[in-house]
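After the C-alpha cells below, expect a handful of questions from me.
All chains are identified by letter, namely A, B, C and D, in their written order; residue positions are counted from 1 within each chain.
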Amino acid sequence: MMYRMPTHFGPAYGPRQGEGGKKFANLNSPKNTSISVSFLTNKEQLEELIPEGFELGSTPVVTVGAGYGTEIEWLAGRGYNTLGVSFPVVFNGKKDHAVGNLLTVLWENLTDPILTGREELGFSKIYCELPEPRVYNGQTHCIASWMGFKFLDMKLWNMKKQSLEETAKPVKKKRNDGTLHYKYMPRTGEWGTRDIAYTVLTPSGNSNAVVKEVWRGEGSVEFHKATWEDLPTQFNIVNAIQSLEIKEYRGASIVKTVGGKDLGDQRILQ
Amino acid sequence: MMYRMPTHFGPAYGPRQGEGGKKFANLNSPKNTSISVSFLTNKEQLEELIPEGFELGSTPVVTVGAGYGTEIEWLAGRGYNTLGVSFPVVFNGKKDHAVGNLLTVLWENLTDPILTGREELGFSKIYCELPEPRVYNGQTHCIASWMGFKFLDMKLWNMKKQSLEETAKPVKKKRNDGTLHYKYMPRTGEWGTRDIAYTVLTPSGNSNAVVKEVWRGEGSVEFHKATWEDLPTQFNIVNAIQSLEIKEYRGASIVKTVGGKDLGDQRILQ
Amino acid sequence: MMYRMPTHFGPAYGPRQGEGGKKFANLNSPKNTSISVSFLTNKEQLEELIPEGFELGSTPVVTVGAGYGTEIEWLAGRGYNTLGVSFPVVFNGKKDHAVGNLLTVLWENLTDPILTGREELGFSKIYCELPEPRVYNGQTHCIASWMGFKFLDMKLWNMKKQSLEETAKPVKKKRNDGTLHYKYMPRTGEWGTRDIAYTVLTPSGNSNAVVKEVWRGEGSVEFHKATWEDLPTQFNIVNAIQSLEIKEYRGASIVKTVGGKDLGDQRILQ
Amino acid sequence: MMYRMPTHFGPAYGPRQGEGGKKFANLNSPKNTSISVSFLTNKEQLEELIPEGFELGSTPVVTVGAGYGTEIEWLAGRGYNTLGVSFPVVFNGKKDHAVGNLLTVLWENLTDPILTGREELGFSKIYCELPEPRVYNGQTHCIASWMGFKFLDMKLWNMKKQSLEETAKPVKKKRNDGTLHYKYMPRTGEWGTRDIAYTVLTPSGNSNAVVKEVWRGEGSVEFHKATWEDLPTQFNIVNAIQSLEIKEYRGASIVKTVGGKDLGDQRILQ
C-alpha cells in the first residue's frame, strides 16, 4: 500500500490506488485533448536549463503542450488541465542511458494530482489556472494565469484534420524512451541541502490511450514577462521560458485520445 | 540557497527565500485571524491516529482551527486560508523528547504554500476550498469544501472580547515545545516504500506575532461523512475526524494577530 | 442598436450584437451537451408555480436539464453552463395562445449571459456554480451549488446511444410552440410595484442546431432542502422544486448538438 | 412584498427583504473597506459619457473606488466586492434638480447583488473578478479581471492615518444630494427599443455607517486596453475609461466603515 502525507489516516488515495488498493483500468477514460505548439530555439539557452547528467538532444525544439482531461477515474470522473514545457534530451547515468523529452515544468489546475505527481512520480508540477480553451473563428486560444496574472497566450489556427491512416503511421522513427524528470526533495532544517535527488523516467508506451482525432496546423506561443509581485513563486520559471528565442515555429497539433495509464511504470534512472 | 522542483530554473521562491535570497521580516504582517473550537474525545480513537514514536498527551482534546491570513510578504501581499486538526502528543525519539500538538492534517486553499509546507517543512498539507467566514447575528460560521462537497461546518457564538491584560497572561503553564509533524516522502517506482520519513518540530516562540484581539466563547464542529465519490483523495481523512466522538466541547476562540515567522526554525527530531 | 446598463458607453455587446452591430452565425458553434432527467409529479404542486394567464399542460412532467456549452461566438469562444427546470403549460392571452414549456428558473454559471437573458429576453436566470459533469463507471453526475451549498445531485445511467435515424424521427407529434417565460421588472422606489410584466416566448425552431448524438436511459434528480442561511437569495426556489413529489421517473437523455440561434426571435405574447 | 424574476416562487429575497419581509438593521454590519483614487481629466471626454438630462459638475475629477465588504446581513454574513467609476454631475429634470456623482459603472464579484442592484435600484452593475487587495511594502494594490484578462491595476502608497477629529470634520461643504444612475431596461423582441429609462438617485445620508478609520495618501490608476476577444461584453466600457486623460492625480484614500443602509431610499428623479 502506498502512503502520502498525512500518513496517519491510512494508505493514500490517488491515480495508482483506489478503494481497497484497487487499480484503475484507464481503458475508456480519461478523455483528453492535447494542444501543443513547438518552436526552434537556441541550444545555448536550453543548456542552461538541463540538470546534471543530462545533455541536449538532437534539435533544440521546445514544445509547449496543454492538456484538458475529463472523466478521470481516480477523481471519480472529474477532470483537470495541464500545461507542460519540454525539449529533447539525453540522459547518461552511471547505469542507465535514455533518450527522450525533459519535462521542465508541468502546471496543473488542481492540487491533488500535483501532490501525487511531485512526490510519487517526480514530476515538476506546480499550480496555475488553466481555463478551457477558447475556440472562435477558426482559432484555438489557450491561456494560463496565476492569481490575476496571465502568463501565457497560445494560439493555433489553420488546423487540418488528419486521416486515421495518416495518424496511425509511426511518424517518428527517432528513439524515444519516454519523458524525463528530475526529482528533488529538500531536507527540513538543513536549508539548502536535500533529502533526495534523482532522475526518473516515464517510459513510452504501456498505455491504453487510443488516438481518436489528430489535427495539424500553425500556432504561436507568447509567455508574458512577470515581476516578482506578479508571480512571487514562479516568475523565474515563466521568465526563463519567455526569454527563449523563437527562431522558427515547428508546427502545432490538437490530439484527442481516450484511455491512458496510471504511470505505475515510472522508474528511477541511475 | 534552497531548491524545490522544478530545480532547473534556479533557487525556489517561498516563505524563507525571496528575491536574491532575501529573508522576510514578518513584523507588521501577515495579518491573521485564527478561529478554533476544541472538544474532548476518546483516547482510543486518537491512539489510532498517532505515528510511530508518539504517544498521546495529557488529555484527548482535539482542536479544529481555521486561519485566515492576509498581507503575506512572500506572496507579495496576497493571502490564503488554512484549516488544521491537532491534539496533544508526546514524542519520544532516540535522541529527542518533545511535548506539543500533533498537526494531523492542514488544509490550505492555495497550492504554493502547500508545496513548500510539505516538502521543506514536513507539514501534512492538502488542498480544499476555504471561503471567508460568515458572520451573522452573533455567529461566526466557517466552512470547508472540495470540488462541490462541503465537509465541515464550524460555528462560534457568545464570543466575549478579552481584555488585553487577560490576553497577555500566560494561561497555560503546561510545557509546550511546539507543533509536531511526521514528514514522509514515497520512493518512485518502488511503490509502498519511502525515500524518507522523520518527525519534525515547529518550535514554540521565535515569532514576531503580536496578539491584537482575543475573543472566547462557545462553538461546535460538524464534519460531514463523505463517500469516495465525494472526496476521492480525502474521504478517509474527513471520515476519520468525523468519527471522533465529541464527548464535550472545550471552548472556542477567535484570535487576531499581526506578524509571524518564516518557520525557518523548523527542525528534525530524532 | 441595442442598449443595456451601463448605457453611457455606447451600444451593448451580447449574443445578438457583436462589434459594429454584427450578427453571429451560430452555425458550427456553439457546441452543447444537454443532460436531462424528467419525472411525473402532482398537478396541484405545479399549479402553485404558474403565473397569471397560464394553465398546466397535458401531463405534469417536470424536466431538469443541464447544459454545458463551449465555443460560444459572442463570448469570443468561451463557454458557460446552465441548469433549468421546466414543465408543460398553455398560455391563454388576450391575443395569443401558445402551448409549450414554462422555464421556471434557469441557473447559469456566468453573469454576462444572465444579464442579457433577464433583461433582453425575459428568462428567469439566476446564478449558481455548475462544474463539468462527472463521468465514472457508466454514471454521469451533475451537481449545482451556491457559495458552498450543493443543492442538486442529478445522476444518469444505462445510457444507450440512439441511431441517427431514430434520433431524426419526430418523436413528439404534440404541438410545441416553444419555451415560455414571465418577464418582470420592479419599479425603483415604489417597492412592490413593477415597471413591466409580460409573457414572452422562445419560439421552437429557427435554429441552426444540428443533433450529433442522442443517448437515452435512466436518471434521478435530488434537490437538497436549504435554509435561508444556506441560500439566502434562492432557498425558496430550491425548496419549492425539492418539495415536488417524484411519482415516477420519465427517462433521461444526453443530447450533443452543434450550432444554435441568437434568440433574436424571442417575442412578447399578449 | 417585492418580486424579481423568477416570480413564480414567491417574493424575492435581497437587501431590502429577508424572511417574512424582514428588514435588515445594517447597524453593526456590514464591514466595509473603501479604497479609492481620484484624477483630473478632460471635461470633453466626460461629456461624452453623460446621459440625457445631465450636465457635468464643477470639476472633471474621476474617482475609481473599490469596496471590500464582509458580514453582509442579507447574504447571511457572507461578503462581496465592488469597483465603481464616478464623477460629479448635475441632473436637471422636469421636476427634480440634483447635484451629485454619476456612477457610470459598478463592477461586482457576485451575481446576486448585481441582479437586485440593476433591477430594483437602477445601478449599472456588471460582473468581474475582484480579489482581496494585496498589501506589501507599504503599497495597497487592487486588481480587477474578467475571465483571464486583468483590466485594472490601482495602487496606493504613503497612506497616513487621519485622526478621528480630522475624519469627523465635514471636509466638503459642496452640495451633494447623492449618487446618480440611469436605469434602462430593453423591450423584448422590439430590439433597440426600451421598456423603461429613468434617472435614479441614491440620496446621501440615511445610513448607519460609522467611519472607523480614514487613511489619505497617493495613488495611481491604470486601466488596460482590451480587445473584443479579451472582454467581449465589456471592452467598450474598459476602453472608454482607459482613454480618459489623467492630467493630475487628486489623492487617494482608504476608509473603513461599519454599518450601512439597505438603499430603500433609492428613488426616481423626474
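Observations on the structure shown:
Simple rule for what comes next: contacts are C-beta pairs under 8 Å (C-beta built on N, C-alpha and C of every residue); 3 or more make two chains touch, one makes a residue touch a chain.
Fair warning: this is a prediction, and the values are worked out from it, not measured in the lab.
Between B-C and B-D, more contacting C-beta pairs join the chains of B-D.
At the interface between chain C and chain D, over half of the residue numbers appear on both sides, which makes the contact a same-residue one.
Set against the Cα centre of chain D, the chain with the most distant centre is A.
Averaged Cα coordinates give chain B a centre that lies 38 Å from the centre of chain D. With centres taken as mean Cα positions, chain D sits 31 Å from chain C. Between chain B and chain C the centroid-to-centroid distance comes to 43 Å (mean Cα coordinates, whole Å). Counting partner chains per residue, chain B has residues 75-78, 131, 134, 136, 141, 147, 229 touching two or more of them.
The touching residues of chain B, counted against chain A in their complex, run 1-10, 12-14, 16, 18-19, 49-51, 74-78, 104-105, 110-112, 114-115, 118-127, 147, 182-189, 191-192, 194-198, 200, 228-230, 232-237, 240, 264, 266-268. Taken in their complex, chain C has these residues touching chain A: 29, 70-71, 73, 75-79, 131-137, 139, 141. The touching residues of chain B, counted against chain C in their complex, run 129, 131, 134, 136, 141, 143, 145, 147-150, 229.
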